[in-house]
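One chain, subunit A, appears in both complexes that follow, with subunit B as partner in the first and subunit C in the second.
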Partner chain A sequence: MNQVWIQCEDKNSLLTAIAEPGRVMIAGGTDLLINVRRLAPADKPAQMVDLSLVEELKNIHLEGNMLTIGSMVTYTQLMTDPLIRKHLPVLAEAASQVGSPQIRNRGTLGGSLVNASPAADMAPLWILLKAQVKLESFGKERILLVEDFLLGHQKTMLAPGEVMTEIRCLIPKKSVIYQKIGRRNAAAIARLNGCCLLDRQEDTVKEIRLVIGAATPTPLDLQKDCSGWIDKPWTIERLDEVASQAMRRVEEISGRRASATWKFPAIENLVRRLLLDAWAEGGKQ
Partner chain B sequence: MFQEIPRVDVKAKLTGRAKYADDLQFPNMIYAAMVRSTIAHGDVLSIDATKALSQDDVLGILTWKDIPGLSNKGKERPVLVESRVRFIGDGIAMVVAKSQKAAREAAKLVEIRYQPLAAVFDVKESMKKTAGWIHGRSNVETIISMQHGHVEDGFEEADVIYEESVSTQRVQHAAIEPESAVAVYQEDHMEVYCPPKSPFNVRRVVAETLDVSVNKVRLISAVVGGSFGGKDYDMSLLASRVALVAKRYQKPCKMTYTREESIMEGTKRHPYQIDYKIGAKKDGTLTGLSVQMVSDAGAYLSKSAMVAWRSCVESGGPYRIPHVKTDISVVYTNQIYSDSLRGFGSPQVDFGLEVVMDGLAERLQMDPLALRLKNALQDGDVHATGQVLSGVSIEKCLLALKDKSDYEQTRKRIASFNRDHASGPYRLGFGIAALHRGEALGAGGEGIDTAGVYVHIEKDGSVIIYSGLSEVGQGCQTMMVRIVSEILGIHSSRIRVTTLDTDYVPDSGPTVASRGTVIAGNATVLAAEELKTKITEVLSQKKWFKKNAELVFQNETITLRHNPEVSVSYQDAIKMVFSQGENLYGHGWWSAPKLVWDWKKGQGDAYFNYVYGACGCEVKVNIETGKTDIVRFVAVHDVGTALNIEEVYGQICGGVAMGIGYGLTEEVQLREGKIINDNFDTYLMPTAMDIGEIEPVILQEHSAIGPLGAKGLGEPVTSIVAPAITNAISDALQSRIVDLPADLERVLAHVKKGDAR
Partner chain C sequence: MTTFTLHFWLNNQPESVEIPLTATLLDVLRDELHMTGTKRGCGIGECGACTVLLNGQAVNSCTVLALQAQGQKVETVEGLAKGEELSSLQQSFIEEHAVQCGFCTSGMLMSATGLLRQNPHPSEKEIRTAISGNLCRCTGYMPIIKAIEKESKR
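And then the complex of A and B:
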């Protein structure tokens, strides 16, 4: 079977190219090409549209407090970008933990979100930051929260003919803690990851945002589970409560699988660690 | 210390110019792809290739019926099965096509019908089987024993008895180059190009398959892209397969496995289950040791019995133990078969015993290093095989480890870190392990331990070395260049090692058992010495040469030892030899000293020499996640004379990296006989970010038998990495890890058991 490879150099020709049904977009391909390799010849996509030459999708800019990142920004670009390193360093840090240098050079933020792997490295951060994505199709565009965009394991709101062009979020006032647990220190898929932002005044909690990834089909937002803390003092009892609540939430969603022997205590530990580190960080101005 | 010689193959490999088997192209070449068993045990009822044969570019399909020679090899894996399949991956047929893609895609369209048989995946269950065996009339292939003294007496003398059960997992070679071979049909013989670990075995199996004499098969080695013990019998099968196609179609044929195929078919390291019982006096003196092992051979025999024999012989470690009883059962299961993998039965018993030594030290409330030093073998001691030892350097290795790891300070620092950071997520730990390992094949080995090497001096003074040992990446060629350059006193740039070609070199056995340096190295010494004699004979006719004068070959010059004023350049000497109609080819044939093993008594002279080493590892364990990081790894090895110090560092660091994978992350996972992690995205080897600081420490205790005093190193370097790591983790967690690998799950489970938090 002949395979067609279409490379677009600007957004308009891209939107035209993907309007044709049956075409698969390739935005780095670090997961896609591996998946395609495993497909039977008849099931392989006949036509692929490559986004890697569309320069318009590779910009990072800051307007006021609003950060806008092109969907074709690679992990390497993100982790080395001065704007990101200055205003939202946790993104650079998380990007630096993705895969290997080769994967970081090819893999893109948009590609990862559309791929919607439950173990995606950056996904919990986008949820915590309440980031939005811009989806464009020929003559149309819409904006969705990442939380609403991600539907499940490799399931998203992206409609045929649509392409993700931007991710945007507000720079938070407090710094964000991110942690990833992998089986090795590079080229590792997250066994668990998570992030936390904690604002406090003295010993009183003002705001907590907490999201963990790789435990459920889409990142698990635990902000509501922490709401009992707001305007209350920090206690170890509550810390344990939130940690075991996180474990129960995962069990409700994903059930108790063979991996739970490790995963459940690890989730409790991760939640506790994120909150402890964020508490220490939250005291800093 | 010798002057540095750059690796002779480094430039070709670094620039990408080295030709691996898959790089080779021949006119009108055709391709083959395998159809393999999808069930673990059963009989093939029918093969329907209609769909496959109707595809474009497909030429045909071959089955066992197309094998002119041996197809059924008893307990050995067949080139193509006649009917019975014994694991998921057994070769049933080959699809032949004009392109690799067409062959691979058509192979998927071949439909096989089976009569399934009950399959067994667990060794203990397999041992109990009373019917439905995999081979013969029992699934236990053999039980090999070693008996030294009376172990019950040893336990009676003991003040403390410690028992422990340990297990090791199935891992694979994971060479970056997957298996590939090309056969080129010639009118009077078959030419085979492949990366062979055991070239003469490959040649023999090809000849048996084609039903021709061995001189009708010529094997020319392609550059080997990693072996680590693999590409052995697997390569014999692959070469036989392409040779069958080449003969049938009278065209060159290539077959290269994908990574998934390589993992599915490639042999693995034997998983072991071991029960230990060890006894000691209060002061730590070992009195008795019982070792009961079960080895999972998988579906075919291959070298499993020989691997088991080495495990048996080395099961007492580098320690003086008066009473030892070891038994190892080699058991078949319907899974990928096990074979040699860098260590050949050593890593399993080294892991087991070193874990047990730490457990015993804990019972005795003794320092683990002190316990090892107390029992370390000395010259003149009796080994568990009954052999009286000489050239023992384990104490020196342990003392060097103590010194280089700053043992006592390190222990103190770690203890205070753990005390000061009790509420934090990290625990530090330090662990050690010690090693002795029999050199080369040994008495229970794979045959007579011999090798042949030719060294030719050309008329311009340049030199070619022909060797029967494969360069598998270990530096064998550079080693031979070193020896010739030292003995003839010439610059290494004059010397080239030619491609291994079975037409031109004698059968030198397999490239295994860390034997290259000792066996082929000694043959190289003999060949170079013969050249020296030939040159001396011609020079002795010169007027200045006094009777019985001794010549010194050094710095491209030959001088009289007692009168250095008298000299002739190497170049002129060569000219003189040729001008007199003499030749300058040297031949070296070296046989290892005779060894005898009494199989009934389980005692004997197992190896002509042992090598020794000691390792220390510092780990940082995250007790919230189970993640272990290697902080520092100190690897002490007695290498004899280091023939090439940079190569020695390379061997040690590479071996440690490989051992870290065995210790922490690697495991071939099977579900009902099917390998589920069949590529490197899920089979996890350590990356450069995972290996921490490796500090090689080289001891050079001259070997009485090795060439220029050198010892083998390839396998010892990986053997005690895993136990040093797990002993360190156990130290960090205060809970003993006794199974491999120490992955996130296992370590976190031990956090709960220990009192680390």
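And then the complex of A and C:
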């Protein structure tokens, strides 16, 4: 195959470039190039399209309650963006825990979603926020929930000729709590992470969203497992119940792998901690 | 083999080089341009030994596709000194004994340069964050942090 390198500076030329079959898209490259390095020369991509210079895909804007983030926004950009810091600071906080400064300067939100690592830092948050992604191809576009976009370990709904251009979500009424467990603070991939949003009136729970990541091939949405809580008072028994339910759900999906010895108790504790913190946050006006 | 022409700014000088499609910026700096100040450590973006500045931002050159630097500004450790005269950050590293085996030094210097350019008076925490993607197995980091602090006060 003829080798091809195309750098696109606008979305139209990008959509034209990727309409040809066999073209590999590169964004920040922080995941892709690690994979390419492992390939035999004959298996390395022969035709590549660079998305990293498309300015249209680097915007962040807020319209009413809807936040729209371009797919080529880097973690550094997300961390430092005034709109994000003001309206949805948990995104900035989670972004600041991704990799290292070098990776945050290069890695993009769209690249990470398309790479679909089970340990992706931001994925549980997108699911909790019921975020949608816009997938565009020449003359067409479609919108999918992140939850439906992610299919499994490095598997997504992205079709040939399509590129993710936007991620969008509504700003929730309550603050979202995000936590990550890694081997160390810097440059660590999440061994477990999760996020929680809880809305309550006095001691009565009105809404809970809870998602944990890195324990299953795609983030595990535990919102339904928490539904018994709605319109009921907060009790420690129910907290324990949800925590052990989370553990059982992970076991059903991922089985008891070698990491289960530490991961199962860690999941229970992570869920407890997320719920407790979200409970405190949910009481704030 | 097909090659592509990469034109970019390397330490403020125009540079052109013929390279394969999947070459990383690190491959090009070291193997094509023989700029060996930038070190190859893990090759997978974890150790920071290959840190360079791309348009002023610290990046791991092992996970940047060289062709993505087309027309962009790249700065390496070779760009810090003026001839035989070290930059004052390099001088601080020497004064604070921030160099032992030296393998992480180029990357540390570039992360620190990127930081100080954006934030000339960082707190200790900001310094620690800025070099959190650079591993050093010799110094225990404190002399490096002190050197960057010293530079920020000059």
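Here, the second predicted complex is superposed on the first by the 281 of 285 C-alpha atoms of A that agree within 3 Å, B and C clash if a C-alpha of one lies under 4 Å from a C-alpha of the other, contacts with A are read in each partner's own complex, and residues count from 1 in each chain.
The rule is simple: a contact is a pair of C-beta atoms (placed from the backbone, for glycine too) under 8 Å apart; a residue touches a chain by one contact, two chains touch by 3 or more.
On a predicted model such as this, the values are computed, not experimentally measured, just so you know.
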Contacts of A:Ser71 with subunit B and subunit C, given as first, second, both or neither: neither
Partner chain(s) touched by A:Ile34 [first = subunit B, second = subunit C, both, neither]: both
Partner chain(s) touched by A:Gln132 [first = subunit B, second = subunit C, both, neither]: neither
Touched partner set for A:Arg191, first subunit B, second subunit C, both or neither: first
First (subunit B), second (subunit C), both or neither touched by A:Ala266: first
Touching partner for A:Arg183 - first (subunit B), second (subunit C), both, neither: first
In the superposition, subunit B vs subunit C on subunit A residues touched: C
Subunit B versus subunit C as contact partner of A:Ser112, first or second or both or neither: neither
Contacts of A:Gln97 with subunit B and subunit C, given as first, second, both or neither: neither
Contacts of A:Thr165 with subunit B and subunit C, given as first, second, both or neither: neither
Shared contact residues on subunit A - subunit B and subunit C: 34, 100, 185-187
Sites on subunit B touched by subunit A in the complex: 105, 108, 425, 624-627, 629, 664-665, 681, 684, 686-690, 743-745, 748-749, 752
Residues on subunit A engaged by subunit C in the complex (per definition of touch): 2-3, 5, 7, 26, 28-30, 33-34, 36-37, 44-46, 48, 50, 52, 76, 99-103, 105-106, 185-187
Residue ranges of subunit C touching subunit A (in the complex, touch as defined): 2, 4, 21-22, 24, 43-46, 48, 51, 54, 57-60, 62-65, 67-68, 70, 111, 114, 129-130, 132-134
Residues of subunit A that touch subunit B when the two form their complex: 34, 40-41, 100, 181-189, 191-192, 261-262, 265-266, 269-270, 272-273
